[in-house]
Every structure is written in structure tokens, then in C-alpha cells.
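Two complexes follow with chain A in common, the first pairing it with chain B and the second with chain C.
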Partner chain A sequence: MAALLCRQNWAARVRVSKGKKLVTYEAAHPPHYIAHRKGWLSQHTSNLDSEEGAAERLVEDVFIRRFLHGTFVGLLAQEPVLKRRANVLIICLVLFQNIAPAKIYFLAAYTETLFSHFYKCPVKLEFQTVSSMLVYKYLCAPGPHDWMKKPLPSSASWNFPRL
Partner chain B sequence: MAVTVTSFCAAGSYAWAMLPRLRGAWTLALLQSAANSTAVPQNRSESGGTHWRRREVPRHNRLLGIPRTKKMPVDQDWSNVYPVAASFKPSVVPLPIRMGYPMKKRAPPSKEGNLELIKIPNFLHLTPGAVKKHCAALKNFCTVWPTALDSDEKCEQHFPVEIDTVDYVSAGPSIRNPKARVVTLRVKLSKLNLDDHAKKKLIKLVGERYSKDTDILTITTDRCPLRRQNYDYGIYLLTVLYHESWKTEKWESEKTDADMEEYIWENTCSQKNVLDTLLRIKAAEKISDVPREELLASEIVENYKNSVVLLKNEGETEDNMSKYKESVKKLLNLQGFQ
Partner chain C sequence: MASRRTGAPAAASLPARQTRGCATRCRSVREEGGGAGTYQVPGRGGKEWYFPEGRVPPFPACAVRDVKMAVRWLGTVSWRQSGQLRGRGRLQAPGSGRAQPGRLCSESASLQKTVSDPGVPNEEVVIPRRKTWDKIAVLQALASTVKRDPTSVHYMIHDDPFLIPKSSTEFHIFALSKQSGENAAKYIIHEFPRYFERDIAEPHIPCLMPENLIPQIEGVSEAALKERIQLRKVKASVDMYDQLLQAGSAVSLKTTNSLLDLLCFYGDREPVRDYLPDKEMTEEFKEIAPIKQKEGRYLRNTKGIGIYNWRENNNAERIFNLMPERNAHSYCTMIRGMVKHGAYMKAFIMYRDLLNERHRADVGTFNALLLAAPRMKENSVERWELTKDLLTCMAQQNVQPNVLTFNNILKGLKYCGALGKTASLQVLNEMKAVNIEPSLASFKHILDTFDVLPGGTGKIIVDILNNIERENVVLQDPDDPLFFVTAMQVCMNLKDLELGYRVHRLLETRGRWRLLSMNLQYAYCARFFTLLCMMEQIDEVMKWYKEMVPSLLYPNYKIMHDLLQAVDAANSLEMLPQVWEDLKQFNHVCRPEILKQVLTLMTREQHPQETQMIFANCAAEIKSMLEDSENTLFSHKWIASILGDMAIIFSRAGRTQDAWNMLEMLQKQNCVPSVLVLDEVLNSIKRSNLPDQALKLVKLAAEFSLPTTPKLASRVLEEFGLSEEQKKILKNISDDSDSDSDSDK
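Entry: the complex of A and B
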């Protein structure tokens, strides 16, 4: 059912128009698989009932992810996982082995120091390295006869503009 | 195209080795085999281009050391591997765990770089041995429970007032939580020195805060911003209630039947009616005037009084109704009837 409705949804879905794309497990699963086949990338207590601070944690998360994408350029094999345990912020990274280990250590310490100054809390960065991309799936462009394979439901005949 | 490999000693520097292209799984490559390998990186990327893709050819690929899982003795102390809470590290956990939804006819993804295993909280730092160590270390900071308080009753006897407070921990830089200021006081009224009037007055004053089944008065205070202030206010309320319930105000004499908590038989119309009936029966039988006190004290009237009080206080049950029936039969001398 969700697969049929996915034709009009564009959120967090990798689509291929030409050629092949290699995707990780995270990218291969659209958001309706969260809590079914995927876990959460960010964990904190603020989203529980009658707990405070959800908006602050969200803004922090957004900044942290941008910062990590910029600092570890081309090195992030997977999305960073952020965990908060009481006051401590734990960032779990999976990195490629493209640069020298000494440089990775420098970048990690730099991130930890800057974040601990930004957010006034202890920050721990735990990382693992992986030698090549962790491919889960190869996504191919739809072929010329793919439209015949799955019958569209009647609602799919509306053409929603791609956002 | 053969590639020559220079290898250095493992300590400190790294060796350039064009390892065979790996897909996802890390495998141990010995120095000799790496030196002899002639793995030719293909000059074509997966999506059809003709240049290198970073994901396919790692640039600084030193020969990584042997993972810790291969170096672990069987009798090691696991709390040295995971002394604190940490994310899942595949090179350190010697289990062949796979996690994730598998592709068709494939196994689930292996543990190397598996984000799903990293996302979930693990309790590898809390094995039974590790917990024992924690307890042993904490024991030095604990004091022994006082031996005199060896039963619940003794605790209640020495500490009749129970205070409940809640502390909240959440993930974030702030330790403040407005819910933490709430204080609940619980005390059994039997432990307080109250006579009949004082107890009834206290129960009327507190209303819903008193539970008849458990005889516990519960006072919850949250009107002050700090927990200490709420605690002080709760104790103040208890003191005021106690002293006020012992006082008798002038207007308390205006207490009507509707204000009564339970049914008291003396001076009710029921008593008058019974006396009237009995007097008339005695007059019909031509017995001389019997004093009212003797009539009141007689067993028949006692019986009737008890059954009426039961009915009024506890409501109508099979038991109560049958008692009432028996007492009325005795009163009106109708023993013969069913």
C-alpha cells in the first residue's frame, strides 16, 4: 500500500533517472520504514511526554550535522548518530580511510573541543573506519517496460508537481 | 600492471598497499600477501564514469592492525573492553552479529560499519561481573540500615509522616524540571492524637484528601517554586489542621442532621416513634406506666436501634435487611409470622 502511494512522495527517497546508484542501508529505506526497519539517528528524552527542550535539541542536531558534514569532508561513510546521555553528547561516526589517521584524530579532537565550548557540555566523539562504501542496494533507473508491471491506483493519475 | 609495495614496521608508520577491493567486510591481509598482490584497480567507476571514485579507492590505506577481537584471550575481563557505556564497536565485540532487513536471498548486513547496531543502546558495559564490581565499589559509600527498624510497623511507629518527592533526569544541559517541586505528605490519622470531634472535624476540613479505606491523609503541595518551600508549607498545613480540629467554634453547635457523617440514633424521630409504639402497646395491655429509660434500655429496643443504625450507615444489604426484619418482629410481638 505504501509502495503504491510512494509515487507521489519525494521525502528522503533516492530515485534514479539514469544509470545506477549505490545506496547505503540508511538511504535505501524511505521514512515510513523508521521504527520498522530503521532506528533513529538522534536519541534524547525531549520527545517523551511532558519533557522539555525538544526544539533546542533539534536545532542543536541540525547544526551538529552541518558542522560534521563540513569538517569531515568526503569522509562520512554513514550519517552521524547523535546520542545524549544526561549532559553528555555522544557523536558516533563511521569514516572512510581516505586521510591519514593523525588527521582524523585532529579533526575529532577539534570537533569535540568546539562543540563542548558551543554547548557547554561534555562531548565525546566515537568513530570507526571502514575501507569502502557500505553498499546495501543498487538502485537502477526504471526501464522502458516498468510502467506495465505495477498497475497504478486511480489516485495516482493526478500529477502533483515535484517539490 | 604490477604495483610494488614498500612495507614498514607496524609501529608508528603505515604501509601503502593496494589491497584487493573490498565490499563492506573487513578482512585481515597479511603483509606478505599484500606485498605480492597485484590487484589492479579498474579504471572505471560503478556508475559508468572513467575516473576514480573516492569510495572505491581509499587513498591513505595503511595496513590496519589486527582487530582486537582476534587478540582477545578467552579468560579476559570483559569490563576492560567495555568499561563505560559506549557505542557498538565491531572490531572489539567478538560476535558475528548481523542487523538490518536483508535484501532478497541475502543475509542481513554484517556488523562492520552497521549503523543500525550503532544507533541502538547496548548494555555491553553492564555484564553481571561488571555490575558486581560497581556494587563492591559503591559499598564503601553506603551506611548500614539501622537495626532497630527491622519491620514496617516499627518504621511507621517511629516515622508516621511520609514525604514523597520526585527527581527528574533528562538528556540535555539543564537539570531543572518544574515537576520536581511537588511534595506529597502522607500520614495515618490513627497516629495523630485526635478525639472523636477532632477527627470528624479534620476529615470535614480536608475533604477528598482523606481516604477512608486506608485511613491515610494525603497532602500534595506544589504552589511554591521550590521543593523546600513546598515541604515547609505541607508541614505547616498539617500543624494547622491538627490544631484547628481540636478547637470548637461557636457555630459548630448549629450542626444539623444533614451535616452528620454517620447516623446516631439518640434523639431521632425513629427513637421517638419506637417509644410511642411501645407505650401504646403497654397501655393496650393495661400494664402500668413503665419508665422510658427502662424501655430504652430493653433488649428489643437495642436490637431495633442496632439494625436501624446499620441500615443507615452501611446501606441496604441482605444481612442488614434480615436483621431489621427480625428486630421489628420482636418489637411488635409478631414472632409467629414469616
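Entry: the complex of A and C
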């Protein structure tokens, strides 16, 4: 049912256009697959019944994502996943191996300390590095003779990223 | 069995305890840290389970002991009563909503006094003292169950293959970059504190708030001076003091003393803080100019250049001279500051002034003077005399020595030669007489005096180890962790493996790895491993190697060299491929000495074919490495043997083409191959049956004008089936070489 309406909906969907797009698992699935094939990027309990602070968590998330986007420039292979357990904020990142490991340590320690002081709670950064993009799907625009060709073989990499 | 105990509280207090409700009782157990309580049945009055003698309770064993204790002082409990109580307790225990999980008894639990039935005979009841636990006692107990994991890297390193350091330098770089990241964050926080002041933590967490480093009190006053001293701002406080003096107001003695403390501790320079905003940093850099003093430097300065930086006429001295009145504290501070920063002569002059003014010096001052004493004199006898003078002064002034005093004396005695040996034993006896426990640092200094140089006897260290193993050691002196390094050095000198194991066991118990910093840990492990390589069987060596590398130790060139020698001595050359892998990982293959050693080991004897194949693979890797670097790495003397050995390995493994390539490379380098090389290559050529190749080999030998050319030629003639043409060519070559050798004569 949701699939039928996908033509008119444009939220968080990567569409085929000219050129070849390499799409990760998380980006390739539109939002109606959340809780079916996708998880959540930000996990906290304030959306449960009689829990408070959902708005504050949202604002914090937005700030954290912008900060990470700016600090780890070109290094984020995926959207960061934020998990809140008790008082602790755990930020899970998947980084590329573009820069020297010493610099990754520098940025990670900087982020952890800054966030701890900003939000007055322990902030832990858990990251892993990956050598190239974790491609789930290649989106290529069909050419004039593509109807003659066989369907794409399943050699597209099935690296399911860790969420 | 009824046992009378003394000192029992009066029976009147019992009812009072009894009225404490279950809730309060449980809470008190929880307050005690949870380790001290006996198994408390949450029920009415919190009765204990007790059983008559001889009955086995259905509880874990540690509960039994306590229960028996309970039984013992209650005297003989009648069966009926215990049955009643047990019944009551049992009804409420299982389904109780209060969450008291089975709290097992520890060894010396504090026995909670429970109900006393009127039927029980009135025994003297002794309530043991309440045991207080540290806040982190549970965590420490949990931590003691976990041993060091030899397969993991340091805790600080992130668990990702790209981010794990592969050598000691890399590890240091990662550690430093992590710390500098934190400093960068702290810089931002201190530069813009207004963004970090929103206090949303409940309860308040002070360490996450920005530090207030700017003095609040403006104006010239004594309170402002005190505040600056407290914020550790050296320059600002000195300025404030000068302003106060100029304004004419008197500064109290106490404040001046604290200012002197600040100046002497930091040696008149700002304390180093990496995250200060820039403007403060630039002022600091102008003042750095350590002055080397010629006097008081009879001992070699092993600590580094930075220690001698007490400048002439610096602020501390100036303020000291300006003070209208000085008390003992001022003199003491000055002396300690001078000794800390290397102005030993001045310290002694100040001390003389102190004595003239008839003040009393304190323990810290005497410790500092004792540290400075050996550097004042040249002769060991004079040094010891000076130390004894100081000690007599100390006794006269009735100052009690402490551990650091004795440690400093012992530290000085190691420069006193033979006199020092007898004296240090006397000092040890004094320590025991004054009832001060010798710390690890004292043992370290004694070891230094006696045994560090090779050639000493091993008796002292055995005694010391006996002493330490008996008791639990507490850190008392900043030099304590150095003990392990020195002890292992002594074991190495004595070549005693048993002692080495004992020292290592000392370190392993109770997680004493925490005592060692990274540098010390490296030094200790390097020495331990060298000792093992020298003395142990190869299997044990490999076992320890696997355990220590890479979690504790990134092996450097010398350690690898020792390991290869051990492999050599044990003749177990099948370990070589493993060692080769490690060599590659730690980037030691660039060193020609290591390569040479590895190759000589490989070529020493004939091996079964599989091993030869593996060796040949290693040699191929070396070859590709050489080709990549275009032979710029190695000097002439290494190349000949390296290439020759590689040729031998290739020929033994049956890779003729590679062996021939090696020979060509040798020729290019203008190095002469040895006889063995040529023989082996010829063997391999024979096996692959290439007569042309054999002819080329003889030609090569002839070009080098080797004396073995005729022998080679004759061999080729016999072993190969040559055609007529080839025989003619062979004859030509050998004739040429003969004529050459003739003409040489």
C-alpha cells in the first residue's frame, strides 16, 4: 500500500536520476521501512508514555549531528547513531580511513570532551573505520537499450552496515 | 558450645536495637557497602537464619561459617525455638517484595545483633565493630577478579584494526593526539565559558563546568593577592605584591609565605597549562632561559637539562630579601625551592642562615637538604660526613624523620662507593628502629648501591624479595615504581631466571602493573624478555613473547636480535617464519643487520622441502623490498652476504630463475659471490637440467676470476650432458681463466 503512494512522496527517498548513485542501506530505504527493515538513528526513551524531554532530546540531536558533520568532514560513511542509556550519551560512528589514525584520535577525544562539558553528562564515542563506502545499491538511470539487457546481477555488495 | 566473651554491652540495649524496623536494618546493611552484612531475611525484625549445631544449612558455604558463629555465642539453642524462628523467617523470605538478593557473607562480617529470646541463656554479647567500606570497594573487588588480557592492546587504544598502533612510536603518537584533542576541547571551553555554564546536571557535576581562571577581585588588596595565589597565577601575584608594597600597605606574613610557596614550587615560571588562551601563553615564553650552574654539579646530571633553572635574583629571592620579618616557614620554603630547581649551594647558604636565626626546620626541608648533600662534595667520605651532620642537626632539633628522609639518604649513598654499602645497611637498621617501613624506593636505592653493575652478588636482592613478598606494599615515594626496573636489571646481570620470575610474580599480584608508567613498563618488559631469551628454553620464550607482545611491549631492534639468537641457540628454525611475520609487522625488515641474521639462520643447514619453500617466500619478499627501494638502503658490506644467502635459499627451494637473478644482481653490485653460493646454484641448475645456464654460470665465475672456475668447469663437464659446441665453449672459458691466473703469477 505504501509502495503505491511512493510516487507522490518525496521524504527521505533517493530517486534514480542521470548518473550512477551509490546508495547505502540506510539511505536506500524510504521511511515506511523504519521498524521493518531499518532501525532508528536516535534512540531515547522520552517518547514513551509519561516521559518528558522529547523536545530537548530532539534539539540536542540536531546540534550533535551538525557538529559531527562539521568536525569529521568527509569522514562519515553513514549518519551517526545516537543512543542514550541512563545518563550516558553514546555516539556511534562509521568513519572512512581517509586521514591518519592519530588525527581520528584527536577529533574523537575533542568531541567527547566538548560534548561532556556541554551537556553535563558522560558522552562516549564508539567508532569503527571502513575503507570504502558501504554500498547497498547502485542507482543508474536506464539508457535507451537497457530493456534488452539482463537484470543487474547480485554482485552489488551486500555489506549491511551496522546500525 | 557456650563461649563467654568479654566486653558485652548491657542487655538493656538489646530491646532498643530490636525495635529498629526491617527497613532501617536493611538500609544500614546497604550503607555498609553490601559486603559486610550477613544474610538478612527480610521479615519481621530481620532475623537471621540459625540452625542448631551440626545441621547443614541450605546455603552457600560462606554463610555457614557465620551462622555457626551465631550459634556459638547464642549458646545451645533449643530445637523448638529455632524451628519456630526458622518457620517465621521462611514464610516471608521467598516472596518478599523487598529486593534483597542473596547477600553472601564475607569472611569477617559484622555480626548484626539479632533478637534475644527470653528463653536463651543470657550470654555476654559482643557486637563487633562496624566495618566501613570504601565507596569503590565493590568496584575494586570486581576488578581484582579480572586479570590482564594478553591478547588486547592498551585500554586507551580504540578497538579497530586501522587504529591499533604497530610500534611504540605510533602508540605514543596516538596517546599524545588523544590528549591534545582533550586539551583543544578544554581550550574552547575556557575561551567561551558562557556557552558551557548552563547547569542541567542534577546533582551538580563540578568537573564538567568551565573552570574559573580569571581572578574576580579587582583592585590592589591583600584579598586579591590571596585569590591570585590560589588560582596559581605566578606573574599576576608577584605584580600584585609589588603594587601592594608600593602602595605602602603591609602584607601579612602568612600571605607572603604562601606567595613564597607558590614561587618556589613553580620556580618562578607559570604552571604549564596547554589549554590557556593564547595571550597568556606568549608572555610565558619570554621568560624561558635556564641557566646552567657550574657549582654544585659534581654529579652527572642524568635527569635532563631542565632541572637547573633557578635564576639569579629571581622573584623569590627578591621578595625574600624584601620581607621585613621572616619565620621558619619562609626559610624552609626557600630551601626546598632551591633544591628542587637545582641551586644547591644557595640552599645550603640559606640553611646556614636558618640556623643562625635559630629557627627550626621541618622534615621536608631536611629531606631536600639530604637530597642536595651528595652534590655538594666530591669525595664520598665528605659526602657521608655532610649527611651525618645534617642528621645530627635533625636530631638536635627534634624533627622526626619519615620515609622520604631515609630514601633520600639511601639515594645519596649510592654515590659513596664502598662506604655506601656498609652505611646503607646501617640506615636500614635505623629505619626499623624508628619503626618506619622501608618502601620500594628504599629497596631500589639499596639495589643500586650494591648490585646494579654486573659482577655483584645476589644475596641482597633475595633478602629484599623475601621482605616484599611478605607484606602488602603501599606507594609512598615517587621513586617506588622504579624498583621493578632496577630489580629486573639486577636479575639480568646475575643471569638468574628464578629471581626474574619472582620479581615478575610480584608485579602480577594485585594488579601492580598500574604502578608502572608507559616508559617504565617498556624498560621492565625489555629487560625481562632479554633475561628470558638468554636463559630459557625456546618454547617458554615463545610463550612469554606471545604474552607480552604487543599488549605490553613493542619490540625494538635489540629485542628482535635477542629473540633470533635464542632461536639460533635452540636450533629450532621452524620458528623462523613466525618471527619473520612479526619482523615485518613491526617494520624491522628495513634493518640490514636483522636481515643478515635471519638469512644466515635460514641458510645454515638443509631443511625439509616445505620449510625451504617458506624460506624461499620470505626471500622473495626481501627481494621485492630491495627492488622497491632500489638498493639505496643497504651499504656495500651487507649486500654481498644478503644476496648470496638469498641465492642459496632460492636454489635449495628449486627456484632456479630467482637464484640466477640474485647472481645477476650480485654482478651488478660488483660483489663477489662465495664458493658456496656458486655450488648451490649449480646444484639447482643441475636439477632443472639447463646446460646453457651452467655454461653461463662458469662464464660468470670466470669473469670474477674466481679460483674455483676450473673446478666448476670440470664439474659441469662431468655432470651435464653437453653437446660438442658447448664443450668447446667451456674449454675456451676455462682456458681463458687459466691464462688469466697464469698471467697473474
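As a convention for this text, the second predicted complex is superposed on the first by the 141 of 163 C-alpha atoms of A that agree within 3 Å, B and C clash if a C-alpha of one lies under 4 Å from a C-alpha of the other, contacts with A are read in each partner's own complex, and residues count from 1 in each chain.
The rule is short, and it goes like this: a contact is a pair of C-beta atoms (placed from the backbone, for glycine too) under 8 Å apart; a residue touches a chain by one contact, two chains touch by 3 or more.
On a predicted model such as this, the values are computed, not experimentally measured, just so you know.
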Could you say whether A:S132 touches chain B, chain C, both of them, or neither, answering first, second, both or neither?
first
A:Q97 in the overlay: touching chain B, chain C, both, or neither? Say first, second, both or neither.
both
Please indicate which partner A:Y105 is in contact with in the superposed arrangement: first for chain B, second for chain C, both, or neither.
second
Based on the superposed arrangement, let me know which partner A:L114 touches: chain B (first), chain C (second), both, or neither?
second
According to the stated criteria, A:Y25 is in contact with first (chain B), second (chain C), both, or neither; which is it?
first
Of the partners chain B and chain C, which touch A:S50 in the superposed model: first, second, both, neither?
first
Specify the partner with more touching residues on chain A, choosing between chain B and chain C.
B
Could you list which residues of chain A make contact with chain B in one structure and with chain C in the other?
97, 101, 119-121, 128-129
Residues of chain B that touch chain A when the two form their complex:
14, 19, 21-24, 26, 46-48, 54-56, 58-62, 64, 85-87, 89-91, 100-101, 103, 109, 112-116, 118-121, 169-174, 177, 179
Which residues of chain C touch chain A in the complex?
158, 160, 162-163, 165, 173-174, 176-182, 184-186, 188-189, 195-196, 198-201, 205, 208-210
Parts of chain A lying in touch with chain B, wherever the complex brings them together
19-22, 24-26, 29, 33, 37-41, 43-46, 50-53, 56-57, 74, 77-79, 81, 83-87, 90, 92, 94, 96-101, 119-121, 126, 128-137
Spell out the residues on chain A that touch chain C in their complex, using ranges where they run on.
97, 101-114, 116-121, 127-129
